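Structure provided below as structure tokens; questions to follow.
For reference, chains read A, B, C and D in written order, and residue numbers begin at 1 within each chain.
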Amino acid sequence: MLVVMRHDASSDEIQGVVRAIEAMGYRARPMPGAQRTTVGLVGNDGRVEEGRLVGLDGVLRVIHVSQPYKQVSREWCPEDTVVELDNGARIGGEDVVIMAGPCAVESREQILESARRVAATGATVLRGGAFKPRTSPYSFQGLGEEGLQLLAEARDETGLAVVTEAIDSEGVALVAEYADIIQIGARNMQNYSLLRAAGRAGRPVLLKRGMSATIKELLLAAEYIVAEGEPRVILCERGVRNFDTHARNLFDLTAVVTVKELSHLPIIADPSHGTGARSKVGPMARASVAAGADGLIVEVHPDPTTAASDGAQSLTPDQFDELMTEVEQIARSLGRGVAQPAAVALSG
Amino acid sequence: MLVVMRHDASSDEIQGVVRAIEAMGYRARPMPGAQRTTVGLVGNDGRVEEGRLVGLDGVLRVIHVSQPYKQVSREWCPEDTVVELDNGARIGGEDVVIMAGPCAVESREQILESARRVAATGATVLRGGAFKPRTSPYSFQGLGEEGLQLLAEARDETGLAVVTEAIDSEGVALVAEYADIIQIGARNMQNYSLLRAAGRAGRPVLLKRGMSATIKELLLAAEYIVAEGEPRVILCERGVRNFDTHARNLFDLTAVVTVKELSHLPIIADPSHGTGARSKVGPMARASVAAGADGLIVEVHPDPTTAASDGAQSLTPDQFDELMTEVEQIARSLGRGVAQPAAVALSG
Amino acid sequence: MLVVMRHDASSDEIQGVVRAIEAMGYRARPMPGAQRTTVGLVGNDGRVEEGRLVGLDGVLRVIHVSQPYKQVSREWCPEDTVVELDNGARIGGEDVVIMAGPCAVESREQILESARRVAATGATVLRGGAFKPRTSPYSFQGLGEEGLQLLAEARDETGLAVVTEAIDSEGVALVAEYADIIQIGARNMQNYSLLRAAGRAGRPVLLKRGMSATIKELLLAAEYIVAEGEPRVILCERGVRNFDTHARNLFDLTAVVTVKELSHLPIIADPSHGTGARSKVGPMARASVAAGADGLIVEVHPDPTTAASDGAQSLTPDQFDELMTEVEQIARSLGRGVAQPAAVALSG
Amino acid sequence: MLVVMRHDASSDEIQGVVRAIEAMGYRARPMPGAQRTTVGLVGNDGRVEEGRLVGLDGVLRVIHVSQPYKQVSREWCPEDTVVELDNGARIGGEDVVIMAGPCAVESREQILESARRVAATGATVLRGGAFKPRTSPYSFQGLGEEGLQLLAEARDETGLAVVTEAIDSEGVALVAEYADIIQIGARNMQNYSLLRAAGRAGRPVLLKRGMSATIKELLLAAEYIVAEGEPRVILCERGVRNFDTHARNLFDLTAVVTVKELSHLPIIADPSHGTGARSKVGPMARASVAAGADGLIVEVHPDPTTAASDGAQSLTPDQFDELMTEVEQIARSLGRGVAQPAAVALSG
């Protein structure tokens, strides 16, 4: 951490900063420059409260040299983390993993039909919400535990693993009972009680980037989970807030590359929420794989025009099939494959 | 709701939209125009899933004419809501209400000293966090229930009402036991489980705008609380995410005016989080009152350089005193006053 | 255009809107709904000033049903525009066109060396700035006309076409004399005097999206050029402003898909400015082609560590070679190719 | 400038950075830390190309300690700049200066009527566009030189000074002939050819903040003008791009405070463009003065419902009168006044 002094800071003010740093238990190193003095704080363990320094007399601003996250950083662990599921799918490994299914579980027929269709052409994980966080209190909120049971039934039949969202601590326990992966949604990325509960549930966690979260905040949210003892965290880019409304969100694919540089955790991409429109899902799914994402999570519905939520961005099963062919070609051109459903069925 | 057809939509496609609307139980009204046809959906009760229409053949886009929130809207209730506290403070009434105190409760001395100082020059509500949602898992997380007890002690001594944050459902019950107002923080604005719990706790709720929440989303979050039976919701502007880093957040004071137009709920402003820097709190507190805010929530710490959090944006008690003088003058020039601590002490 | 009335608008207020629309020469069509009345404006030719309606008594808001751009829209012309250059390169056609070269022309050796290297492995157009718009008045501002002469010399030797930026009306004439494509930079996307001059210069125009331009504004800027008589406009996505600083800009690849839906103009992608970091250029270049971009514009410098500008985001020639191999594979997996330099040399 | 090395950077890589800095003519100072080494660059004169360092082996990132602007910075000149006009108005002095008038000059009657009305209740400067940069090529583009002549006539009659926009170099000469202040609009804030021309025209310049410009970029744009020899630059906050559409722009009043801290130049606020809606102009004009703005620029039209542009955000003359009363009270509560039209008339 570096404390930049105003150009007209007095030597008393500089000494004040030195004393404040030492009082916090660190070493201070003043560095006079051509225009101003900078005071380095040496020995920062990530717990320094910059507020104690920013407000001191003569201080212009404080600059962070180190990142505040630790265990999720690539500097901490240079090897890629690979999250292995019971059905054999390996997220963060060589092959691209496809998660697909409807936005919400609506009925037994709907989720079974969805599972069969996506399993047939490339998915290894089934998605589907049982607890739905909706912007309006008057929108469909999900089937709850019944939805979880239907997901488990679909898994038993198809060999797909299951990922589904938990929206509160009680829900985490329930989801952990039925699902292979606990999803934390974008709106809850900084719901720290929920992150802690998820980190203690004994299941891999899929952590979606918040609507206006920086990559640093995403990694710190992951750090909450890892700090509770769960190292199997999968990150997910799903678009951020933006001034333009040409798409529902601004899908930030560069984040995939940035996360790979800063962290050893796997990262997948969600082109359905990232774009919000069926016609854009295919091109951006292809782009995600080309950018290096470890997987995709895609909304597919047997009949999008009757979907209880997100119908506008759901693919039909036929569109999904077509997309899988394209995705496989892109993956191959980069020396990767798509995790195979056949292998899944065998191991399931 | 209006369904805008592509300019080359066939009459079959237009009929398809009409049938889909009728199948959902509403009436359809096609309106041919110079360039394209628009189909109006009549009878919308706020539960229409636009996804069912967006994806139909020939549809260009869907436009919402009505807002999805109801009970919080000014159309629903033209009269301003005034939230009255036990100590007599009335938020949303003629006078501007000042909430002040440290970011976090750190010790008995710190919170009592803060309470005495802010009560002496204009505050009627004491702020202070007992449960702190921190971006890093390694930062100070608050004193928990002990902090709540200290806040209650400060209330007993000074007559100030108490506002403090709850970060999960269990916390809501605890906070409701000790505090006059339950605060929902920005990171939890769309934590719907928490909103529901807060709406059932029997206390007024201070709802802070999320970091990238639109006004519509803020009002829908308030609707969650009101829908649970709690009409006493106070909104709070505290700055949003932005491309520039000259301030911690972009303090959106126009939101105060917009909320007043769209909703009957009171809205206060938080210039401490809105700017993130002590030197900017005073000017923006004045601006908030000039823009029409019903109150302010300001961070004040007996010694900001030792604060466990947010020291850089906390005022000293002397700076707070000076600000109160200015704020009172601004309020008077608009025909308002500042809610008086004297009156509070009497009723407390 | 639709004028949405307040729910309590009187019939006098509704009549006022009808009269205002008729006074502007259009037809008005009031549509009473369950909650409120909407008044349609029929016959809108794109010149309606909404300000005349927004401020009328009883009006809640005005909704635009049609887009304000015309000649650049796909509704106006369903066929893709293909921009053909003298050296045979066709932008917007089947093959992906690669534009590459240094940020700025710095010297004869530098630009010739760059041209030879990029021509050898896939580029058909040479980029390089002679007039540089720099954020600071103290930064290198380009070689001016001498730079243009060096670009022309590089074209003569390699057969590459030349694209370079003009920053004012005088510059447009000069650039048109030497270059095959006139570039309008992001900072000048709404410099309408410059757009008009470019539209009259008789050369294809490469129009870069502004730092916070919506797609609608980008298309309207293109409309300025086309309205002056120049139909050969190539759009370019190069990243937009964002709250996160993990990359220089937020590269909005979904814009490529959106532009293809709304317009017949070709669109290329600039992963160098879109990401700002060498390590991210390759993955995002691949992603751009996978998303459907008609071409790439990439910064390549013989020795990035000595570059006068943008060194941090410039590829070395070796990195460019490697990227071209990957890009070609991605293009092939989508049934496209990369426009061949060999063909260029023959036609050059 | 500080070059932060990766935690695993070798001593060869650190030496590489040292040599690169020395080769650029500066001194290098390596500072080993607990986690990583940082290399300070001493003697930075604001011309260092960071790109030469960012790309070197072992470099994590480069941090700027100093700001790149000079002459406009408060460190360069601690005294406030006061821009004095021929009619005696002093912008940046004790009194708040009001600029008011229509968006565009539409006719002789309209501009004279506007001038008389705003002069009568508090304005000292008349605004009105003769050259209008419009997003669509099909919108009204202004009266050109005829508009300038009408503005001059209004000045002669009322004693108001005149501010009007120039949109290209030719326009600058024309505007300088007729107006007291040359306005550079938001879309042209980084049109450097235009900034240079304005800096040589011998008139004070009103520089509006770009739609997504940081404060640093605003100050660098001002530096372009000052570097040409014109020290009389007035900055203007007019709202920035944002994800919410509740207002036309996000009016960033904190920028007023930030600019005052970083620069000695005066800054005024434009609540008309900052909010885009008549009902919001009054509250935000009051807030602007409360935040410390040196003046306001407000759109006023004799009959907003017939305005050729910006009618929705224009005040009627009666609304302007009412606002002036409020603004004066706010200014007085802060110990300032409103520059008096009477004084203007005498000096005019």
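Note that contacts are C-beta pairs under 8 Å (C-beta built on N, C-alpha and C of every residue); 3 or more make two chains touch, one makes a residue touch a chain.
It should be emphasised that the depicted structure is a prediction, and the values quoted were computed from it without experimental measurement.
From chain B, what is the lowest number of touch steps before chain D is reached?
1
Can you name the chain that lies farthest from chain B, using the mean of each chain's Cα atoms as its centre?
C
Would you kindly tell me how far, in whole Å, the mean C-alpha position of chain B lies from that of chain A?
Roughly 27 Å separates the two chain centres.
Measuring from the mean C-alpha position of chain A to the mean C-alpha position of chain C, what distance in angstrom results?
Spacing between the chain centres: roughly 31 Å.
Centroid from C-alpha atoms only, then distance chain B to chain C, rounded to Å. What do you get?
39
Could you pull out the residues of chain C that touch at least 2 other chains?
If we look for residues of chain C contacting two or more partner chains, we find 212, 240-243, 245.
For a test of understanding, state which residues of chain B touch chain D in their complex under the given definition.
Per the touch definition, chain B meets chain D at residues 212, 214-216, 240-247, 250-258, 261, 274-275, 279-280, 283-284, 286-292, 326, 329-330, 332-334.
Please give the residue numbers of chain D that touch chain C in the complex, ascending.
Residues of chain D touching chain C: 20, 46-47, 49-52, 54-56, 68-70, 133-140, 167-171, 187-188, 190-194, 211-212, 217, 220, 223-224, 227, 240-241, 277-278, 304-314.
Sort out for me which residues of chain B touch chain C in the complex.
It is residues 2, 4, 6-8, 29, 31, 33-36, 38, 40, 42-44, 63, 65-66, 75, 212, 241-243, 245 of chain B that touch chain C.
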